[in-house]
Amino acid sequence: MHRAFFAAFLASTVLAGGAQADDGLKDRTIGYVLINKAYATWQTPDGKKECPQGFNHGPREQFKELFEGVTDKFAETQLAYEAEIAFPGTAPETRTFFREAQGPMAFGLNLDGKVGPNDFVSPEGEKGIDHQMYRVVGCTENYRGPDGSARHFIESYMQKFNYNRWLLELADVDSLANDDDVTVTISRGLDPLATDAAGQFASGGTQRVDTRRGREFIYTMKGRIVDGVLTTTPTDITFPESQQRGFPYQSVHAWRARLKLTPEGASGLMAGYMDVERWYHNLPQQWSTHHRSYGAEPMPSQYRAAVRLADGYPDASGKNTAISTAWEVRFAQALIMHPDEPKTVAGKGVKTDVAR
Amino acid sequence: MKHIKGAIALAAMALAAAAHAQTRGKEPVEDYVREPIPPGFQVIVAELEGPVFADAAGKTMYTWPLNAVRNGDLGERKNEPSCDDTHYKVNTGLQSPYPAGLELPEVATRPSCIDYWPPVYAPAEAKAVGSFTVVTRKDGKKQWAYEGYALYTSHLDEQPGDVRGGTKWWRKGGDGRETGVLRVPAGPPPAVPPQFDVNQIASGRLLVTAANDRSIYVYDKDTAAKSNCDTACLREWAPVLAPENVRPQGEWAIVESSPSVKQWTFRGKPIYTHLLDSIPHSREGSDVPGWHNVFTQKAPPAPKGWTVHGNREGDVLADAQGRTVYIYRCNDDAADQLACDHPTQPQVYRLAVCGKGDAVLCNKMFPYVIADKAAKSDTRIWSTIDIDPKTGRKVAAGAPGSLHVWAYRDRPVYTCARDKKPGDIECDSWGELFGMRNGFKAFWIRDDFGGYHG
Amino acid sequence: MTEFSRRRVLRGILNGGAVTVGLPYLNIFLNGNGNALADGTSIPVRFGTWFWALGMSKSVFVPKQTGANYELPEEINALRNVKKDINLLTNMTAYRDGAFFCHYTGWVIYRTGISPAVNNQAPSESIDTTVANQIGRTTRFKSLTATATGDVRSIISYENANTPTTPEFSPVQFYTRLFGPDFQDPNAPTFTPNPRIMMRKSALSGVMEQITDLNKVVGAEDKERLDQYFTGLRQLETQFERQLVKPEPRAACVAPKVFKEDAKPGNDSTLVQARHNMMTDLMVMAVACDQTRVFNMMLANPFSNTTKAGYDKPHHTCTHEEPADEALGYQPNASWFIRHSMESWAYFVEAFGKVKEGDSRLIDNVFIMANSDVSNARVHSLEEMPAFTAGRAGGRMKAGLHIDCKGAQASRLGFTGMKLMGLDLNNWGTKSNQASKEISEILA
Amino acid sequence: MAHFTRKALRGSGFGVAAAALLMGCSAPSQKAETPATQASAIAEPANDGSAKRLRVLTEAQYLNTLAHVFGPDVKTEPHFPPAQRYDGLLALGSARGGVGGAQLELYQKAAVVVAGLITNPERRGYLMPCKPADEKAADRACANQFLAYTGRLLSRGALTPTEIAGFTETASTSAASLKDFYAGLGIALEAMLVSPKILFVAERAEPDPKAPGQMRLDAVSLATRLSLFLWNAAPDDAVLKAAESGEILTPKGRARVVNMMLASPRIETGMRAFFDDMFAFDDFSTLAKDPKIYPAFTGVTAQDAREETLRTVIDHLITKNGDYRDLFTTRETFISPALAAMYKLPAPPNWTPYTFPEGAPRSGILTQISFLAVHSHPGRSSPTLRGKALREILLCQPVPSPPPNVDFSAVENPNSPIKTARERINIHQKNPACAGCHKIMDPMGLALENFDSVGRYRDTEKGEKIDASGTLDGKPFQDVVGLGKVLHDHPSLTSCLVKRAYSYSTGQPTKPSDKEKLEFINARFAASGYKLPDLLRTITLSNAFSRIIETPAPAKTASADVAGATAK
């Protein structure tokens, strides 16, 4: 990875007014910052096709299904439901019922290079698409486009909460059109997204790489560009995902992106096998039962489904621990700055106010 | 009066207005505005919360101001005390999405509001003093109020200076929608010029600007007589300027390093804000060598050997082994909003979210932080208590089968089995409403991004 | 100059005559509107605001047509009786400028022109304060703020960045403040002047004496300027004096009967509406009795906890949880709440329309702006925001129009209002919300 | 035609004469200069000084003073109406304008807010020198103490015993009547804050003992003139003390005070105000760009653009004590994230010093976004507006408004086949009524055509290569960098700053009899290497600054430039 420090970066700007060449590359690098991200959910307008049994019931409805006429004790109802959220079981549901997305169609990537019996076909006809997460979230209103609440708020906090800032930097690039060997680095940025006069996210903003607290989110991998489309080599990564309540992250195995590149931005899909435990505990850690009710999202039922549908990374007992997942993403070009060195190293040498 | 450990009791009325620079050991404590207070009342400078009002017996006073919970309002309006002897049987259902009318846990023994929160009654002839007024309860009894809000003491406070019933800290981190409507200790305002304010955080009482909550810093190279922040320095640090006709007083003075520029000094150090701090009350500036945040009083130190670790969001407190420490928080959903976060209170709430009702699982998932038998604390904020691990209840010291554990504000602290290395926060925001209502929050020391830390 | 000749001057101006008359600028543009009470007193133009929570359901709120002949979609059908007295402004944008607080940023931009950097901390005084400082000085109350929430913590106005205005939240208390023992009934035979004003006035005489001193040291040309200032001081003094003498009788002013029972507490929408209407009646009478010229009314908090009988989610929760009805294309219960809000807005406008002032109605002599916190509450959007004006600002504003603002700054509404009130401003607001153009379509 | 030299202008009178020369838009003539000697060797000619004027305190001066006296958090938002620009400066407008009833109302409102803040229980402990014996009653002694002390700082000099007595009386009667000491004090403070002593700066003259028959500013008036000029605020306690003791009237004492004022960080506030005024940056308050055409230009961009130039100016002229002329060639600047996006550079939050590399077209403050964006149309650049602004703002050469009955259609037609501004502008040359003036505006403006309406760099316009070459008063240049160099050496550049600074400092336009004074100041400025602090020192220590014309200045000056430098 080419590490252009700020001073060096500026000094190299001899172009007219600092203007970039038309291909958007500067010193064979280009930076991008994530501006849109959501599960790639294939939908029909009324949902009848992929959700023939309708959409899922949320906490409110499940509460009635579980407890109405059974008990009216707080400990056996509200606390029991919260306990189930914290420690979801895997036994089949009896009083509640979870609706998985049906059918063969889904957006996503072929993660394992195989065409398996449970794989999907993409709307473009590509076979072998691995995206079992679609079955989990596809019939839950919180995640359906364009404005499912969780879908909207995860994205909205991704945009407005710097904790979630996500950078993608390409180095050793000969051309944005074709280059079979480029270096790709993902990291956390520290700065707000740039906006234009209409309030839309704009290209050309600055992002500083977070080397102070975000080093766990820095990953470097190889990629190749074919006809303007970047594909990265599968890499295990984590990335921050928080709605400003808790401060969790997602863990994805064999993550890769397939992005159409332009000097102004990049868009396409990213996919990998998401760690089921980490994914699940993110749900209550960043949003509450109250919020999950916005789009009728039954957390414990989702857990059961995810465990059942998990399709990768088996543990010692042979149980799959990760589930294939695809997101649609959009990036805006950004100028990325690398600070010289972190002023303080996280984890050691931290000044202590309380412990002293 | 029992021996007071840590706290400083001051008979406020007797003190000269110029009194300042109180200390506890070597550490200075917060100076406060001497307001007129009713006879028999006193101001106690508590270890963590700074100056609070207390009754003659040294019991800290609290208010319960109206606040919004998810689907309605609870708490008290000014001049309208509502905390009474009702024994509530069911929840309010204001905690969306759950319905009302559910029978509360341990309902047969559930106390009333005033069992937990005895009103500070006023004698029949009591008259308003300063911001203290007398309000009439529904039963006709008179009660003291501060700034209109009725005053109560807490059944949890044992010694003068204890502020176990509530804290000024958690009010900042969230609101009623997340935490339920909490009690707040009442106290006199800090003796800071109107340009400043004091924020309660875990590390102590942080000095900030009143206008926008920017944290205040001091610089090692400065002296009381001179600021040594040069041109380059001034691009990142803004001196906090004082009025031309200011009357320095108490711990506050001015320094005039450049002609015609009066800069505030606090306890003999010129003070600044950090222009690069990215969010209100950010403490990023203290990463710059030589620069420090300013506290009117620092929190008592954590147990010996405990550590602080950074992570992707900020810094957390950890035990001597580097395991992140967690606090358990709980407020119930009845109209009187009784707390459930203390080991003398119902444990069914905690058991639900820490182990699905199973104490064994609970203790495995969220182990207590075991204290050495000989462990000692110089502060009542950090203490060791004995817990029956089967019930989670507090028991007498040395009771058979009990665990000797560390407690913060008289409540046990925990670690998390999912954490693997120092700085991990896998169990932060665990439980109902991301741990704000019935669950676990990491012991946050610092937050660089802004969020709901509790 | 007598009132009569002033009006003649004005008529000249309105008919296109040159403004060369030595009338104090303010008196012409703030107080004169070519409209007068029967006794010749000119009718002042008043400024008001109204707030409703949680935006709209666009598909049934925004009319298909613009201009005067627009049809009211179903969500705002309640406005049919007041349509001629209001303008509906749609498609305005509140710019976030780098910070966003879900239910706070939007309305604060409408009221300050600035996107707040800190949640629940206003970036400046709010528009009503700015206007009141200009036009609210001669009345008993510089401005009045009321809420129908029954909750004193409902904030819709700021006296300055650090000081929210405490609203009137109890009709009984509001009644007492307005019409209790301190009420100076303009139609009553007796009058007690405000001692603070008396002191201010007498302090001014001292100030005027200082001019003598200055006159000694300045040249002839500068003496003219001092004279102008002296005239200004005299005007101030006159303003104070006016407040110390018994006010002109106001035919429209009828102090309401004593309220014995306060509005019922509670969040049920019928209770909120009842409180709103009680507060509105009091507010209208406060304006008619010239107790204030600036007023704010707040129907609900942005995080509205208003409930609908038989429906388990209060308004705010409802906007997030309720699925859109496929056939209808919007959230039916969320829309129900907005429809109820619009009933209250209609009541508010109608209440001003019912009061006669001279030959006109009170509504003709006010500028009221109404706004919300968001456009689509489900996603907290600040684009395509709706707002209203009501009244005719003493003839300076048109009414009865639907304007598609085509993404214009939300702050333009406030800027327009302030210009209509005679404030001499080049612009209002900061950064992307800095407005320097009026919404010209509604100017008469 | 003679070419320019870098020498001081002595005896040329160019700075004064330039305005007249451009009236008819004939090409400015240039005169030879004589070499300068050591600055200190250049003696001030005998001169008549300036008139003593009655100035209205500007909104900024009023607010700065309140913030200084009562603390930075004592803020009010009075929204005073903007002043009229006169002879290139708003400051001169406030020496002509009055305080009308409407404005006085705003002052009174601000006064109520301020008095309320100061007497509130939180603040008064830190601002009051005493406590009343009884808060519910009058306390004459305490009120007197506060009012006398505060009155001196606010009124830029001690109040007379009568005045203090008057305010104290107000405070006491009001306190007694309102049964509240602080409420009474507030009433007195309110009155003080609208009193003529505060709102008006009335300069007083006295006979100069060293120059019989001549008048000079008295000590307090001198202190005030210094402070308003250098700090844009009232003098502080130290400056007032130097005035009250008479020290400021001695050459040594005056020099000490001036040096102290120049050493104070408040000089930055003062010079920001001056350059903001001189550069007509008040235009930023109404600047808007068409968001459809320039989506990247936001309100933040505009705000930061203004700040960038002011920061550059202060850093270059004060922090670095640089040559004024180098402002037009310097590559050093400061960038913020919003500006960085326009310059296509990365920048961390806040402001970062930055140097444009050699070879980049950004060179000098003219190539900063501020000038380029302010002097453009919302939807496209305007060589004419830019050229006019440069002439008027930087060279003090007012350009007349266009003649009546001009057909603009050829220039304004958006569908015209014309591609570049140069082709469009050439139309001007075809109409003799236009040609005269456009000849002097357009070439400068065309040199900036490599920057669009929002100041972004471009090589071409509608596919056509942009030709940015031209001449300025006979000196050829190839591009905007060349223009900066020519401008750097243009004698009017420095004489214009001198003219503006001098008239800003005295609050009055220059007059024909100022010719020699300005030449003297110019010469000293040149000899110092065009250093701003030296210029300020020269002006403030000169007789021209403190000498008072016995009979007040004549009334109206020529009105050709009243419309201001920025008519569009």
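Each chain gets a letter, A, B, C and D, in the order it is written, and its residues are counted from 1.
By our rule, a contact is a pair of C-beta atoms (placed from the backbone, for glycine too) under 8 Å apart; a residue touches a chain by one contact, two chains touch by 3 or more.
Since we're looking at a predicted model, the values are computed, not measured.
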Which chains does chain A share as contact partners with chain D?
B, C
Between C-D and B-C, more contacting C-beta pairs sit at C-D
Nearest whole angstrom, what separates the Cα centre of chain A from the Cα centre of chain B?
36
Taking each chain's mean CA coordinate, chain B and chain C are separated, in whole Å, by 41
Compute the distance, rounded to whole Å, between the mean C-alpha positions of chain A and chain C.
46
Send over the residues of chain A in touch with two or more other chains.
58, 60, 195, 197-198, 290, 293
Within chain D, the set of residues that touch 2 or more other chains is 298-299, 349
Could you check chain B for residues that touch two or more other chains and list them?
70, 96-97, 99, 210-211, 278
Spell out the part of chain A that touches chain C in their complex, as residue ranges.
46, 55, 58, 60, 141, 147, 149, 152, 156, 160, 192, 195, 197-199, 290-291, 293-296
Touching chain B in the complex: which residues of chain C?
117-118, 121, 151-153, 161-162, 267, 301, 303, 305, 312-314, 317, 321
Quick one: which bits of chain C touch chain A in the complex? Just the residue numbers, please.
93, 95-96, 98, 100, 312, 317, 320-321, 323, 326, 376, 378-380, 382-383, 407, 432
Any idea which chain D residues touch chain B in the complex?
68-74, 120, 122-123, 125-129, 149-150, 153, 231, 236-239, 260-261, 263-266, 319, 349-351, 353
Give the list of chain A residues in touch with chain B in this complex.
58-60, 63, 72-75, 77-84, 86-87, 161-163, 188, 190, 212-214, 216-217, 240, 242, 244-249, 281, 284-290, 293, 343-347, 350-356
